[in-house]
Amino acid sequence: MGADPRFFPARGPHGLGAIAEAAGAQVGADDGRVLTGVAPLHLAGPQDLAFCEGRRHLAALRDSRAGAVLVGADARDAVPEGCAALVADAPQLAFARAAALFHPRPAAVAGIHPTAAIAPDATIGEGCEIGPFVVVGAGAEIGPGCILHAHAVVGPGCVLGAGSILRAHASLLHCLAGARVVLHEGARVGNEGFGFVTTKQGDHVTVPQVGRVILGDGVEIGANACVDRGAGGDTVLGPGTRLDNLVQVGHNVKTGRGCVIVAQVGIAGSSELGNYVVVAAQAGITGHITLGDGARVGAQAGVMNHVPAGIDVVGSPAWPARETLKAFAWLRRQVAPKGSDKTGGTA
Amino acid sequence: MGADPRFFPARGPHGLGAIAEAAGAQVGADDGRVLTGVAPLHLAGPQDLAFCEGRRHLAALRDSRAGAVLVGADARDAVPEGCAALVADAPQLAFARAAALFHPRPAAVAGIHPTAAIAPDATIGEGCEIGPFVVVGAGAEIGPGCILHAHAVVGPGCVLGAGSILRAHASLLHCLAGARVVLHEGARVGNEGFGFVTTKQGDHVTVPQVGRVILGDGVEIGANACVDRGAGGDTVLGPGTRLDNLVQVGHNVKTGRGCVIVAQVGIAGSSELGNYVVVAAQAGITGHITLGDGARVGAQAGVMNHVPAGIDVVGSPAWPARETLKAFAWLRRQVAPKGSDKTGGTA
Amino acid sequence: MGADPRFFPARGPHGLGAIAEAAGAQVGADDGRVLTGVAPLHLAGPQDLAFCEGRRHLAALRDSRAGAVLVGADARDAVPEGCAALVADAPQLAFARAAALFHPRPAAVAGIHPTAAIAPDATIGEGCEIGPFVVVGAGAEIGPGCILHAHAVVGPGCVLGAGSILRAHASLLHCLAGARVVLHEGARVGNEGFGFVTTKQGDHVTVPQVGRVILGDGVEIGANACVDRGAGGDTVLGPGTRLDNLVQVGHNVKTGRGCVIVAQVGIAGSSELGNYVVVAAQAGITGHITLGDGARVGAQAGVMNHVPAGIDVVGSPAWPARETLKAFAWLRRQVAPKGSDKTGGTA
């Protein structure tokens, strides 16, 4: 079963040749069949395209009723009879590209909803789609082909590059954003950071937060995630960086290109991530530290020190991954009943 | 002192008999007194109903000025003079039912605010209350007696069952929801999941997320919580499942009936929870694992493996609760000064 | 480089004397220079004021091109030639005050946007600024000089004190708030708490949540943070308490004056914090416990017991800080290769 057409009407149908071309894959034998949609292996029917990558999918592949499947060369023999094999080096990546043939990201439907409140001196680019109750502040510049969904707010002076999307209830303030930026539902960009100084009497005196947020091309911010603006100077997310839902980014944080910040992570003020850093869910990164290019942080880790490029850290406080796993295994042996080592954790 | 009538005007007054009947409790002696509201033991006055359950409440019971109290049979002797005792097996449950006599969930006040933006082909059931700046998309179906509070958004094609409530700023997209579903303020349902594939060059290519969210009858989603839609196939929350505030649910997660997911928990993509699973605050559950019926996860735990039915796990990485507590106690003894074992943690 | 004037037009210029007076600092030599803005040391130019506090800033001070710098007496010698030194006991606090000379918190621009939906019997104080699509419910009272930004919602019966600010998409319900309260973007105050009782059959029965939220003067609630109202009785945040983004506060929590609750912290129902308690990022505090005046909780800690006044706790479960650090160091030594003690964690 492909996608529910109420929500995701598919383009097509498409033949195996067109699909393989979009996917960068090789068709074994093209019997002229056409497909109408995409689906996971275990749900796919004879008109659906699926993919198989890794051992996790192998059992589902053997039982699949899919019309065609993107597979690596090594799994080709497991493709069931009647299912066309499309061979690709990276099947899931090939699937992402082929699926966009059926389900391209919806283009803007040009038009401004009559209820939108747009400042007279704001600039709205050609072909933008502006939904109900959207607010665009004074002097803001919205590039061509952007979509602002219901209730989205763009603050005064902001710049939003071409082809960007603000989903429902998102707010973009004090921000210069590149092209193809996406703020998901309720994302908050450009908020005042948590910046204050406490007097001897215990009163908190706000430090005026007069920096900006700079979002590179293709940055995506998850639902209800928060990115505070700089205190002075900027908070910067490099091109292609993606934040998942409910992530917190403090003032003056900087990331390089293509970082991946998974759900509920928090990054404290002024920390800097290199290129292609990955931070797994619920991890925390303290302020004023650096994570080198390609560093990876485990889920729920608490990073309190600099992490060199290419190093994996886990745990709270975070240690290099190898040491930490050793320590936990060792500790467990100290207290486990004799002979119980094979009971297998929580498995 | 009962509830502030500015916010919660009470129905009533009610006599002890009516209260006992609603609560499923037994009245000791009905002296004809009437009550006007409900309050906690330590705040209740002579016209208020309170309850006492467990040792925590016993001291407050002895000093209470409540007009009547729901108690277990074992605590009946501690009810002070002048306070009527209503005896119930489960006093807090009895209180929940009796309190609904004074404070029923507000019913919809039928009417559509003139500012609401409702698609011409959307269906609004009888008796719905639609607030200011609400948006209902094309083809959406809102069941009878629903309340959509200010700024709520229902996306195109969504189905919302009878008696459901969307509170202020909630968004419901790509979703089929049952009856009596509640989205609290700012809850985000049906967002695009964090689904992409990274090329060798480090570019992230989005996998079109073309699944739905299915919410069973009576599901509740907390304030600013997020439930992503399926990548392909559905994200499913079973009937009666409750999510607290700021919870994150990834794409294709499935829960059974009556699960309880406390604040700030994160559940990664494709994991499956059985019936009546309880996940305490701030815990994280990795992707592609299963938690059996009745499993319970401790606060801040990090669950990285399957958990069998009925098992409690704690810690990060999560272990069965008994082993973990032993390990921590043992570790502490290794480093604590001699004789300090009784200093009692942080107490 | 000072603040971007598109977002933060500065007042001024100001001479050194006026700046020193606002800052409570001493001018070394006033050569009549005037400054036009504020900036961090490493970005400041000849017309900007910066500050230097602590060793972290010393290198940047020596290289700074700032026109003037607020420094402690001990760092005065490090001020580079051409930069005016303003000496203060607490340089960052002095900077906060001087920066407000250039960038005072924007005052309300009196007026009500024509799209705002304000109940006929709500009271709007003098000089309020009410933005587009704001909703103010029946009987609500908004004090003078408040700013309600786009899409803010104030529920029926709420009271909001003078000079308060609700930023975009914030919601304030069932709440009595003092003066100068700030709700940042998407903050949710007065939500229904996670209060229910589960029957033997596994059904969750909601306990009517009929309490309020009381916010003291100067309370600030971060972006997308949540504060549930009391179940019965009130949730109370004392004067000057500040919550960072994405914090969760359960029903009937109470804090004293000036508490600091950093991003993504969760505080479960009915726990009570004294005055000036600090809870670092992502920590969790279980329900029904107390933290004494001045207690401090480390990042990601899990506090499961009472914490006496003035005590620091860290870890999950939380222990007094000193013991925990000892335990981790000891554990690491057990498993680290010989002689590797000096490799320095993740550094």
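To keep things simple, chains are lettered A, B and C as they appear, and every chain counts its residues starting from 1.
Assume a contact is a pair of C-beta atoms (placed from the backbone, for glycine too) under 8 Å apart; a residue touches a chain by one contact, two chains touch by 3 or more.
Computed from a predicted structure; not experimentally measured.
*Asks:* Upon optimal superposition of chain A on chain C over Cα atoms, what rotation angle is obtained, reported to the nearest 5 degrees?
*Replies:* Between chain A and chain C, the superposition angle is 120 degrees.
*Asks:* Please decide if copies chain B and chain C contact each other with the same set of residue positions, more than half shared, or with different positions, and reply same or different.
*Replies:* Both copies touch with mostly different residues.
*Asks:* For chain B and chain C, what's the span in angstrom between their mean Cα positions?
*Replies:* Going by mean C-alpha positions, chain B sits 28 Å from chain C.
*Asks:* What are the residues of chain B that contact at least two other chains?
*Replies:* As it turns out, chain B has residues touching two or more other chains at 115, 133, 151, 169, 186, 224, 246, 264, 282, 300, 316, 331.
*Asks:* Going by the contact rule at the top, pick out the chain A residues touching chain B in the complex.
*Replies:* For chain A paired with chain B, touching residues are 2-4, 6-8, 38-40, 42-43, 56, 90, 92-93, 95-97, 99-100, 102-105, 113, 115, 131-133, 150-151, 167-169, 184-186, 218, 222-224, 240, 242, 244-246, 257-258, 260, 262-264, 275-276, 281-282, 299-300, 316, 328, 331-332, 334-336, 344-347.
*Asks:* Please output the residues of chain C touching chain B within their complex, sorted ascending.
*Replies:* Contacts found on chain C: 115, 117, 133, 135, 139, 151, 153, 156-157, 169, 171, 173-174, 186, 188, 191-192, 194, 196-199, 202-208, 210-212, 224, 226, 228, 231-233, 246, 248, 250, 264, 266, 268, 282, 284, 286, 288, 300, 302-308, 311, 313, 316-320, 323, 326-327, 330-331.
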